[in-house]
Every structure is written in structure tokens, then in C-alpha cells.
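Structure first, commentary second.
Chain naming follows the written order as A, B, C, D and E, and within any one chain the residues start at number 1.
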């Protein structure tokens, strides 16, 4: 099998699986799930074959897709180091989540649809990863959006899913608008959207890098990675089934934004990078605060995802794409773990999602609880766990480049530890606070095994030395770069202290503030105004809601009214009515009286005579 | 055989001019024969309609077999001391008029059946009108023109008032008579002025026979600015405008169309209008050729006004015969576009004739359906009475739809090609404003034509349907309708059949 | 002398015509009409058209107007009903139309450049003059009528015959007695 | 005779105008009909005038035809008027308006 | 001279016509006979279209494949029944075949009254559609369009839904106006060109050597633009479309919105712009602004619709804006994009109209506020509808995406049109908003009260076979174009390349892509 064939298979296997499910297995959920998981496994194998076969050189292959005059689109693969790293992560984590879903979705009536959606998603995601040009990225980018829409809306009879899926798609579209324009402009600017060619061009002509195009392009990233101000869809997307949240909204899809940034990093000028850094930092802190006002276990994790995406963006903006990628990978491991853990908890608690109604799960679901704890620690950046390595690197980079960013990111780390502590202490310790929680049972094996594997990865995933050869070259390169940066060792020292302090203080603070297995939120009790402020999340949703219902819909209604009333009513009907009135008027001329008719003759004669006069 | 017969006739024609108008004479003989038959026993009288139609059919067949326009020699040759002159359309128009007479007789058979009205006189008059119009379009002399015109008009007065038991018909008759006589006097005064000016020895180019078109043509070419000539031409034009129902002499049209018996309305709408247009064309190409500066704006004005008036008035009209009359005004307007363009565009005359032919076929379809649908007085046929007509009478509705489609100018009906040709001509002649008006008119006309079609098919009205009252058309009627519709479609798809375009 | 006669007959013709139009009583109007026709006939005579003058008197003043009088009296419609006087507006319109028309007519014919006064041509003696093929020279003889009608105007002459026939048929058709049943069913309108 | 062509024509034209006035003014159909005859008469006068001054006989012959036609028209018109009067009991134009709109 | 393929082409027009005539007199037929005849009438064009597409020789750039030229008697005007296909008309010919077949299939099993007449009229339309896109002669191009238009009016008036009376009338008058204007435009083109021919290639060749003056071009193009514009519902001449489609019977709406409406765009693409480049340049601002009106104003109006069919009608108006912009871009890329858009939109809008009727049969209402939750009962219907909505939104994988994307590309190609990209692209958000709202309201959430009351009735069931098959055909076509746009583009590209070289000659449209990039591009080659 040539590498290109392997890649093609990697891409097409999930599509085939989705098609098979859609056409033949709609009513056979069991078979569908098996097929989908098998496809995930197969594609995982294929992807590793391709990665192995890659060696050091990038795999490049391209086919013409469409051409009109000057405009040519090709579709092709570019499997370089970054793509390979990403591909390995996505296919592996994806497989785990597929397996987990087997258990989680077992009793779901629309199992087939769900697994079909997962397969479509894998197809689209792998498409993004492998794409060799911007247009192809955009194609799969949109498809990812669509599959996410489908999966968020899985529980389609609930109003929540209905609204959330719609919101996710539309908000993503807003970002894609900019992305699209960026691509279009880039095409005519560079004459191609091929990543390799563009990179060569910019290397040869650095002046070609254009801030405007870059600004448009990163709109796509903002939408997909849920950055300001398009972050609103991500927390709502938790309406989907939990494995979906894990797969899409933690490990892969949102990370696609970061991945995209890394892929086009050569197109971004310094100003844009700075903007991205600040944007990321802001989101990191903002999301940290927001998480404190959430009681839904998945929503807390969602805000934590937002916050971590902020870290990645900050790292990228600071000039270390490798470190961003590093954090992306480790984050994928532990966030998938956390979400799956949450899924396991929800599964165990019969779809109870409020952490203040759980409690005592450590005893009832020990494996879940322990793996969850590992995830929490990894997220907080506890020394030795996956999160530590990447987060530390980010903080160091921040410290080296911009002190304010460093301070804010450290604050973010502290907040992370705080809300994760809150989540863990309240949900897993103490006594059960609801029937559901008290009857919780450990999840079946299909769900537990992925948890264990991910927990393992969360522990060791950060040790880049253990990674297979051929993966993570960019990460190593950037880490090296960081290590050799000026003032690295001092900063490293500082970060160790501050970073550790952040998680220690955060976790302990939460422990003491909220207490073990608390029944309600202490913050809401003692400082309701602060809690309300946090819960309001800077009123983004309200502003958008206001815009939609008061501005956009009203404006649309006015236009619609004008269309019906003015255009159709007055102008069209009006002119028709005018003809009608004229017709009535003309009709009255036919009075039936001979005299009146003779006057016409007289008038006609005189009129004709007037024409004679004009000639003379 | 054809050539041989033609040669034979040509040989005779060289010695006797009456051969030139053999079809007209045959018609006259047929008309007289009908009166004679009327005198014979009632048993024979019953066959009068059949004899009339058979005779007309024979003459039509003869005309189709033998191209008599050739018998008079080459085109443009005159006969009877210049009273008649054949032109490229005279043969076609003969066929046209005989065919209309045939169709009107057919409609008349339906109309007269069951009515206590004189029978053979109807056919007699119809045939005489046809003969008179055939002479009219060939006339090359104002005396001939006047006499033929009056012949047709007088017969039309009778025909319009033919339903003497109905005061509506009589009222239409008196209106047509008075307005017709008025227009005749106007026309005559114009002729007189032309005659006087053309024969005035003190003017250049004066001729001894200034009633003759050719003489007038050469005279007017030398005196195009003479006010008497212009006034005369203006008055003649006014007289013809009455015949073709063009603004501002159109006002009689709806009343007379409504009151006249159905077949007569059809005859008026089709043959009378066609004759008027042919006369107008031969005048414009003959005597009035030099008056372009004066006539063009007048014609453009008349055309535009007719299109707008006819269409706008028809929009709110519910009575179908009035509606057809008003739409006929609009059709006159479209035809006048061609007439106005004929100053500069040579082939447009053919387009006008083609338009007349499609108009003939479509109108007969419509009138035949009108005649076949329902009982009682055809003067109060309203659109509302056609609600749901298609349920009971799908065949009639289908035919009517085709006919109306052709009148509206919609492919693949002949009416579309006809309008298209006129538009092309107008474009070539640079009559852009007129074109705009025409387009507007077509758009408005779609409203009422489709309003009617909609009424046929619309199923939600509680009005008692006319369809139930009508009997299913006989096989014969079906055949005639089918033939007409096929002819319309063929003209739309393959216009070459009439060898005009 | 001839001038005087012209003025006299022209005045008679016009005044009696105007009287015919304006007199409310139709019988009086018809009488005036006869006078007007006679005046026209006299003008014909002044124009050397003797045959036509006689024809005018015979056909118009004699036959046609008698027919009119007969019908007026038969229908007893000699008086226009006083209550239904024509509206002022229509009187105004008719009069102003008349005025404009008259002005136009006078101005048209008072324009010597339009129609130059030709010299009076001598009446030809022989209808078969040299220009017979083109126009028929003006003669006073009735023979000329006969000659022309049967040569140049043969066809219109025949057609006129048919026209009279058609008119006759028409009169018969319109005035034929109708049976009772038809009258009953169709009188409703 | 010093009276020229145009004098006769003015008479004819005025006669025509008077006829037109009658047609527009009078309500009695019979009188309207008479006015029409007047207009034809005006035409005849003009024709004869032209015929005389142009020196061609055609005008006179035309008058012959016009008189014939006018007579036929009168006969027909009167027949229709009589028939109409039988149905409507009136020959006033403003009452002969059953056909309208 | 005898080309069997040309006969196949001619038969594609005649067979449905003949089938229609047979059906028109078929009041006594049984359902099976009726369907058999209709199947033949709709099936043959489809088969012929595919057959010809496979036999198509793309090498004949600038010429027509399968040409046939029959005299009509209007020879002196240069009018012949001249049929043939080129790279531009072939995709639309195929579209007509596919959509016609799907619509016919659906109509065969619909429960229309007097089904034989219904099917007969649809077959007449089909015949006209095939003829429109197979005509090389612009007279017949127009002729067939009108021929297909008449059944549309009648069908709306007879079989239409609520408000059909006014809708049919308004549509009739409006479209007649458009047709008349475009006819005037075509006639004026014929007259003023002096080519003495209605044949498109002859006109083109003639005008290439004898270009018209600037004012003349501007005038004629104005006529064509507004004539065709009305037919394609160019803002603000769109009023007929939403209401007309809302009240049209399904088959008619599918055929008209899906195929017939593309006549105007095709006319501009193939006739208007290539023959009158200067006129096009003159009208460019109008076209651009009005097309933006289509996209943004009508887009917003669409958002405000609460009736499914009205919404679809407006959305179809909105998407026409893209196609207009593609034409306004005045380049091979833009024209190609417009072509792709036409084909894809035709398929997707036909599918949507069909599905909306399927939804109506289940919900008995078009009111978006009164449905909900249908996906539970009818998952397949939901899947099709979602797919169709996604296609019309422009999701990659469906043809529409390539259309829209190519059009954006075309707009950005020159400095002169680049500013249009942003406002035009706003449309992708707007369409997402209303598309997803519709999907959410119909299929997701809980059923509304009235609908819930009928929840368990037999009518609320999933898509039946006769509904599924046409939907499948249309969707499959959409996906095929979405995945292999080259099926359309390869043949059209060369053809368009021959038609649109004019661009550089016009000052406004000079290629002004970023100057450094030009040097950069050169280096890469």
C-alpha cells in the first residue's frame, strides 16, 4: 500500500461507513455502531501506516478538481509533520471515543444516526488535516461544521438541541464568511491556495504577507475554535451526546482552528500574531471566570475547553506554533478523558448533569472517578502529567515575550485549578445528593477502557521523548527554540513556582471554599451579585439575542413588509390597479349614446387636422 | 394541369377583362342563385345553407387550385381602365375573403338554426360582402373603391341588424349605419379634395383622371405639401380608420360587436378589418407614398392610441363580444405598427397579411366556440358564465385556449410569429416608442385573455356554468375547430405555408 | 348675373340647411332640406351639370325626401320631446365643433396657394375627346354619362346594381313580418 | 362667371359642416340621417365643382354613384329605424343606448 | 449529413410533446397507461440527455455538437430550427432532463384532479425546456421558453394552492412583460447587428467583426438585462416569484423554479454578455447593485417568512442574486460559477419544493410556526430536507457550494468587482439562518399543539417510495456535481474561454490582481 493510497483510504473509510449506515443500516443501530467503530479502527490503522510510510519527507499528492479560466482548484494531501501529529491524535482519540460511544449510546433509539454522524465527522476532520490547500481546508471545514450540527442536534426532540445545533452552525458560518473571503483574496494574491506553494512564495517574498488577508483568514479560526466574539456556540453545544462533546468540542474540531493557524502560520504577519495572542489570553481568563457560575458538569468542561483554546492561541500568537500544537495534543488527551469521564458519570447518573445533585461518586464509580481525577490534575498542569509540559511551555513563552500575558495566563491557570477543584470536590466526594447519584453504577467495559487508555495518555502524553519517531518534529523544534531562548532558565524557574502555586492554591481554595460534596454553590450564596455577574458571561448571549430578535428579525420583518406592501402592493398592484381604473374610465366612455360617439369622430377629425397643421 | 388551365385562362383574359374578376363574378352568381333557390319550394329552401357553403367551398378550392392573380398578367397590371389592379396579395386576399365568408356561413348555420330569421338572405349578403371586399382590395381607383366599400358596408348594415327581433341587434344596426354613413361622407370628402387638387390644371402634375391611384401618386409626389392634398389624405385616412376600428374612430366597435349576431361580429372583426388594412396599404404604397412626413406621425399616433385604448378598455370588460371588439381595436393598433413601418421596410406588408391570417384563424376559433356555447342571446355572454366551462366542455375549452393564446401572441401559435414579425419591422423602421407601447399593450392584453382562460379552468366558482347548458359539439364542429387549431399551430411552427414570409 | 345667382343659391342652400338642422320640428326640417337640395341643384346648373341637377331634384328632393317625410309622419316623431333637451354641454360642443370646422373649411379654401383658381375650361362637345383614355373631358350632355358608365365605369356600375339589390334584400329582411312566437320570446329585451 | 372654384368649395365645406352640426346636435335619428344626407350633398357639390373646374367628367360620374348609394342607404336606414321604433317606441338617440359599457 | 445523434436531440423535444398530446386526449386511460405514457415522455429526455452527454465531444470548442438545422419558412429572417449542444448548454440540458424526470415521476403519483391533463401540461413544459436549451437559434430559444411558460400559468391557475388566482395572474403578466422585453432585446439584436440571422454562432461571428456602437450595445443589453432579469426574478422585479411558487402545484414549481427560470441567466450568459460586452460594462453597476439587492434584501426578507413555501420562493430569488453576480463578474470564472450555480440551484430548489409538498402532506400546513418534531416520525424526509437545505445553503459536497465559491472567486479576480465579495458573501450567513430555522422548526423540537393532535394519524408517516425516488435522483445529482464539479466545468470552461476573452478590452475590468503576486506567480511556474 502506497502512502497515498493509505491516506485516501483513511479519508474515505469513514465516508463509506457513513454512506453504508445512511443507505442500509438506518434501522439497525447495533450493526451501524459496529460498522462505524470498525471504520474508526480501520482508519486508525491506515493513518498509522501512512504516518509510518512518511519518513521525514511530507507526502504530497494532488488532483485537479475544478477549473474555470484562471481559477483552478485542486484537492490533495499534504502529510507533513504537523499533519501527521494531528492525524495520529485524531484517529486515535477518535477511535477511543467511538468505542466509548458503543456503551454510552447503547440504549439510544437513533444509534445509527449517531454513528453515521461520527463517521461523517471523522471524514471531515481528517479531510482538514490532510488538505493541501486552503480551498480544500474550507470544504472540510464546512463539513466539520455540518457534522457537528448533526451531532449536537442528535437529541432532536429537545428544544435545547434544536437551538444549540442551529446556533453552532450559524456562528461557525460567521467565522467561515471571513475565512472564505480570506481564501478568495489569497487566491488572487498568491495565484494559488496551495499551502506548500504559498509557503515558498512567502519565503521568497516576505513582503507578500498581507495583514488584511491574514485577518480574514483567522476569522475561520475564531469561529471554529470559539474565540471572542464567536465563542458563544461552544457551551451550548453541550446539548449533544457526551461522546460528541468529547470528540468534537474538546479534542478535535475546536482544535482544528489552532491546527489551521499552524498550517498557515507563514501567512500571518506580526500584528496578526499579536492579536491572536491577546485574543487567546483574554479568552483563557474570561472562560475561567465563566466556569465558576456553571453547575452543569459538561458546561464547566466546555468553559475549560474555551480557556485551554485560549492558551493554545496565546502560544501561537507568541510565536511558538509548536507549543500550541503540543498543548493541543495533550489537551486532547486529558480533555477527552474528562469529557468521557463526565459522560460516564452522566450515564451512571441517568443523565443527571448538575454537579450539585451528584456527590459521592468516588465510591460508586471508582474507575471513572480516579481517571477523572487524573484528567483534572493533568488539566491543572500538575507536575509530571501531560498538561504540565505543554502549559508550562506556554507560560514560559508568555513570560519571555510579554509579561502581561504571562500574568494573565497564570491567573488563568489558577482559575482552571479552582473550577476543576470545585467540580471534582462537589461531584465526586461527599454524599449523593440525588436519587440518580445514589444509584449510580460503574459504567460498562466499553466505556471504561477508553477512560483508562486516555488516563494513561494524560499521564505520559506530555513526555515528548516517548512519542514515536516522526511525530512532533515541530513541537520538538519549538521546545528547543524555547529552551535556547534568552532568559529561559530563569523563567523556567519562575514558572515552576508560579504554575505550581496556581494549581495548588486553586485546588485547595476550591476545596475549602466550596467544601466536599456541597449541596449548593457557596459563591452564589455569599456573593450573589458576583455569581450573577459571572453567570452573565459578559452578556454575550444577551447581546446576540438582542441583535437577532430586536435588530435582525425586526429589520427583516420591516423589509418583508416593504416587499409585500410597497413593492407588491403599491407598485405592482398599484400599476395593475391603475390600468384597471383606466379601464373603468375608458369603459365609461362607451355610454351607448350615438352623440357621444359622433363627438369622437369630430374630435378625431380635428386631431388629424392638427397633424396637417404640424406638417404645414 | 394547373399551368395549362392558367394558360388557358390567360389566353381568354387577353381578350376579355371580365375574366380577371371571375371569382367575384362566381360569388355574385352564387349569391343570386341563392335568392333564386329561395323562391323555389320549401324543400329546396332547406338546402340553401349547404348550397351556399358548398358553393363557397368550390370557389375556395378553385382559388386554391388556380392562382388567378397570375391570370391578370403580371403583378401591378391594371384592368377596367385602371379601376382594378392586381397586386401581390390580391390572390391571397381573395382566398382570405372566400374563406372568411365560408366560415361566417358556417357560423351562420349555427346561428340561424332554430331562429325564425330569413335564411338564404344571410348567405346572400355574406357572399356579396366577400365579393365586394375582393374588389375593394384590388381597386385602383377611388370610384371603384367607394362603390365596393359601400357595397360591403350596406350589406354589413343589414347583417348587423339581421336579428330584427332583437332590439339590440337593431340598435347596433342603426349605430353602425349612422356612424358608417358619417365615416363614408368623411371619406368621400377626402376623396373629393384629392380629386380636385389632383385635377387642378393650375397645379403641377395635374392629371385628367385624378381619381386614379397611379395618377394621384405622381401628382402628390409633386405636391406633397399642398394643404388640400393633406386634408384630403387626412379625411381618407379617417374614413379607413373607421373601417379598421382604430382610435379615434373606434368608438362604435364594442357596441356594434355586441349587438350584431355572432357570425356578423366575426365577419366585421376579421374581413372588414382586413379589407380596411389592405386598402390602407395600397393607398400608402400608391397615392400617399409621398405624404410620409405627414402620415407617419399620424399612423404612429393612431397605432399607439389604438393599442392602449383597446387593451385598457378590455381589461375591465366582462362582456365577451365587447371584449373581442376592444381587443380587436388593439389588434388594429398592432397591425398599424406594420403599416407605419411599411414606409421604410418593404417586407412588412407580408407581415401584415400574415398577421391578418393568424388573426382570422384565431378569431374564428373563438367565435365558433362562442357560437357553440350556450343558448339564448349571444349579446350578453359574460366571462363569468364561462366559469368552469372546461369541466363540461373540455374540447371547446382547449380550442378556445389555443385561439386566445394565438390572439395574445404566445408560441407556438401563429399569433406569436405574426407579432414578432411586426416587431422586427418596427425595430428596423426605428419606431421604438411604438414598440414600447406595443409591449405594454401585449402585457395588458395577457391579463384579459388569460382572465378568460382562467375562467374556463378555474374551479371554485358557484356561478352556474355555461358548459352544462351547451351541448357537446358535433363531430363536424369538432373537426372544424381541430382544423382551425392545427392551422394556427402550423402557422406558428412553420410560417412558410402561406409563402409570405 | 351668374355671380348673383351663385350668391343667391348658395345662400338658399346654406340657410335652409341650417334651418333644417336647427328647426325642432322634423317635418319642417325635411321641407327645408328639400329647399336646400333644390338650391344645390341650382348650383349644379351653374356648374353646367344639368343632368345631375335633374337627378338631384328627382332622386333627392323627390324620392328620398318624400320617403323621409313619409317615415316621419308614419312614426309620428316630428317633435323632439321637450323635456329631454340636449345637455348644455353637448350643445356647446356641437356648436364649437361646427365653428372650428367652418373656420377650418373656410381657411382651407380661402387659400389660393392651396388650390389655385384654374381658368374655366370650355365645355367639350364630344365625350370621345382625345384624352378619353385618361380622363373623360367635361361635357354637359347626358350622353356622356351613358358612354362613361358603360365603358370606363362599367364595373362600378354593375356593382352598384348589386348594391341596390343588397339594400333591397336588406330592407326586406329587416321589415319582414315576423311570427308571433318569435316576437314573444325575443321581445323581452 | 367670375365666381371661382374656391367659392363653391366654401359653400360645399360649410354645407358639410352644417351637416356635421346636425349630426352632433340633433337627437332625432331621422334628422341625424337627414343631416348625413346633407353631408353627402356637400360632397356632391364639391365634386361637381371640381369636375367643372378641372374639366373632367369623372366627378360628375362619381356623383351619380354617390346619389345611388345614398338612396340605398336611406332606404335601408329608414327600414332599420322603423323596425327599431316598433321595438322601442322611440328613435331618440339618448334612449337608444341599450348597448353600452 | 444525417447525424443520428441530432435525431436523438430532436426527439428529446418531440417525444415529451407527443406523449403530452397523447395524454391530453387520454381522459379514459387507466392509471397504469397514464403513467406508462408519462414515464416514456419524461424518461426519454433523461436518457437522451445522458446519452448525448456521453457522446459529447468537448474538443469542438466554439461549435455545436449534434447540430441539425431545419427550415421553418422564416428563412428570409435567418430563422431555422437549429438545434445543438455546446459546453454551456449541455449541463442545462442535462439539468432539464434530470429535474424533468424527477418532477414527472413525482407528478405521476400525485393525486391531482384530472391527472391526464396535469401530466400532459407538464410534458409540454418538459418539451419546451429541452428545446430551450437545445436551441442554437435565438428565436427558437425564446420560442421554446414561451412554450414552456404557458403550461406553467395554466397549471398554477388550475391546480394551484391558496391564492392561485392572483398569483397566476401576477406571474403571467409579470413574466409576459419580461418575455416581451427580452424578445425586444433579441429582436433588436437581430435587427441592429445586420447579421441577418437569428443563429447564435452566426450572430457571434458577425458581431466579432462588426461590433455594435456603444449606445446601441447599452440599449440592447438594457432590454436583455431587464427582460431576462424579470424572468429570473432580479430584484426588484421578483414579486411574482415567491407568491407564484407558493401557490404553484409541485411539479410546476419544480420545473419552473428548477429549470425554466434559468432561461434568463442562460440568455445573459450565452447571448447577452458575449455579444454585447460594452453594453454589459455599461449596465454593470445596475446589475451589481440589484444582484446585491437579491442577496441581502431578499435574503433578509426570507428570514422574515413564516410560511415554508414562501420562504423557499424567496430563497430561490435570493440565490439568483449569486448567479447574477457571477455574470456581472464578466469573466470565464464568473460565468462558470453562474453556470454551476444554475445547475445546482435547479436541482436543489426542485428538491426543496418537492419535499415541502411532502411535508405538507404530513403537517397539513405550511406555517413554520405550527409544525415541529417531524423528524421523529419521518427521519428519511428529515434527512432529505436537511440535505437539500444544506445544499441550498452552500455546504461543500453539494453543487451549490462550487457555484457560490466560484462566483466569489470571480468577483475577487479584478479590483473593479472585488468590493462585491463581502456583501455577497454575507448571503451565506443569511441563507444559513433561514435554512436552519426552517429545518429546526419543522423537524426538531416538540410538535406544536395542532400538529401534535394529528401525531398518530396515518398521514404522518415517513417518505413513501414514489416520493423517495425522485428525491433520491435529485439529491444524487447534487452530490455528484458537488463531488465532481468537473463534470460541468470541463466542458463549459473551454467554451466560455472562447466567449469571454472580451474582458481585457474593457477598461473597467482590467485584471488588477495584486502586482507582487504577479511576479510571484511567474516565479512558481
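As a convention for this text, a residue touches a chain if its C-beta (ideal position, glycine included) is under 8 Å from a C-beta of that chain, and two chains touch if they have at least 3 such contacts.
Remember, it's a predicted structure, so these values are computed and weren't measured experimentally.
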{"item": "Minimal step count in the chain contact network, subunit D to subunit E", "value": "2"}
{"item": "Chains in simultaneous contact with subunit C and subunit E", "value": "A, B"}
{"item": "Centroid-based (C-alpha) most distant chain relative to subunit B", "value": "A"}
{"item": "Distance-maximising chain from subunit C - centres being C-alpha averages", "value": "A"}
{"item": "Top chain pair, ranked by how many C-beta pairs fall in contact", "value": "C-D"}
{"item": "Central chain (by mean CA position)", "value": "E"}
{"item": "Distance from subunit D to subunit A - Cα centre to Cα centre, in angstrom", "value": "95"}
{"item": "Mean-CA-position distance for subunit D and subunit B (Å)", "value": "26"}
{"item": "Centre-to-centre distance between subunit B and subunit A (centres being mean Cα positions), rounded to whole Å", "value": "77"}
{"item": "Length of the line joining the C-alpha centres of subunit A and subunit E, rounded to whole Å", "value": "35"}
{"item": "Residues of subunit C whose C-beta touches two or more other chains", "value": "86, 90, 93, 97, 101, 108, 115, 117-118, 121, 135-137, 153, 156, 160, 163, 166-167, 170, 174-175, 187, 189"}
{"item": "Contacts with two or more other chains, residues of subunit B listed in rising order", "value": "143, 147, 150, 154, 157-158, 161, 164, 167-168, 170, 173-175, 178, 182, 196, 199-201, 208-210, 227, 231, 254-255, 447"}
{"item": "Multi-partner residues of subunit A (at least 2 other chains)", "value": "576, 587, 590, 592, 594-595, 598-599, 602, 605, 609"}
{"item": "Chain pairs in mutual contact under the definition given at the outset", "value": "A-B, A-C, A-D, A-E, B-C, B-D, B-E, C-D"}
{"item": "Complex contact set, residues of subunit B against subunit D", "value": "142-143, 146-147, 150, 154, 157-158, 161, 164, 167-168, 170-175, 177-178, 181-182, 184-185, 188-189, 191-193, 195-196, 199-201, 206, 208-211, 254-256, 258-259, 379"}
{"item": "Footprint of subunit E on subunit B - complex, ascending", "value": "347, 394, 398, 401, 405, 410-412, 416-417, 420-421, 423-424, 427-428, 435, 439, 442-443, 446-447, 450-451, 453-454, 457-459, 493-497, 501"}
{"item": "List of subunit C residues in touch with subunit D within their complex", "value": "2-3, 6, 10, 13-14, 17-18, 20-22, 26, 29-30, 33, 36-37, 40, 43-44, 46-49, 51-52, 55-56, 59-60, 63-64, 67-68, 71-72, 74-75, 77, 80-81, 84, 86, 90-91, 93-95, 97-98, 101-102, 105-106, 108-110, 112, 115, 117-118, 120-121, 124, 127, 135-139, 144-145, 148-149, 153, 156, 160, 163-164, 166-168, 170-171, 174-175, 187, 189"}
{"item": "Residues of subunit D that touch subunit C when the two form their complex", "value": "1-11, 13-22, 24-28, 30-31, 33-35, 37-38, 41, 44-45, 48-49, 51-58, 60-61, 63-65, 67-76, 78-83, 85, 87, 90-92, 94, 98"}
{"item": "Subunit B residues touching subunit C - in the complex, by the definition given at the top", "value": "21, 28, 31, 35, 80-81, 83-84, 115-118, 121, 124-125, 128, 131-132, 135, 143-144, 147-148, 150-151, 154-155, 157-158, 161-162, 164-168, 170, 173, 196-197, 199-203, 207-210, 215, 226-228, 231, 377"}
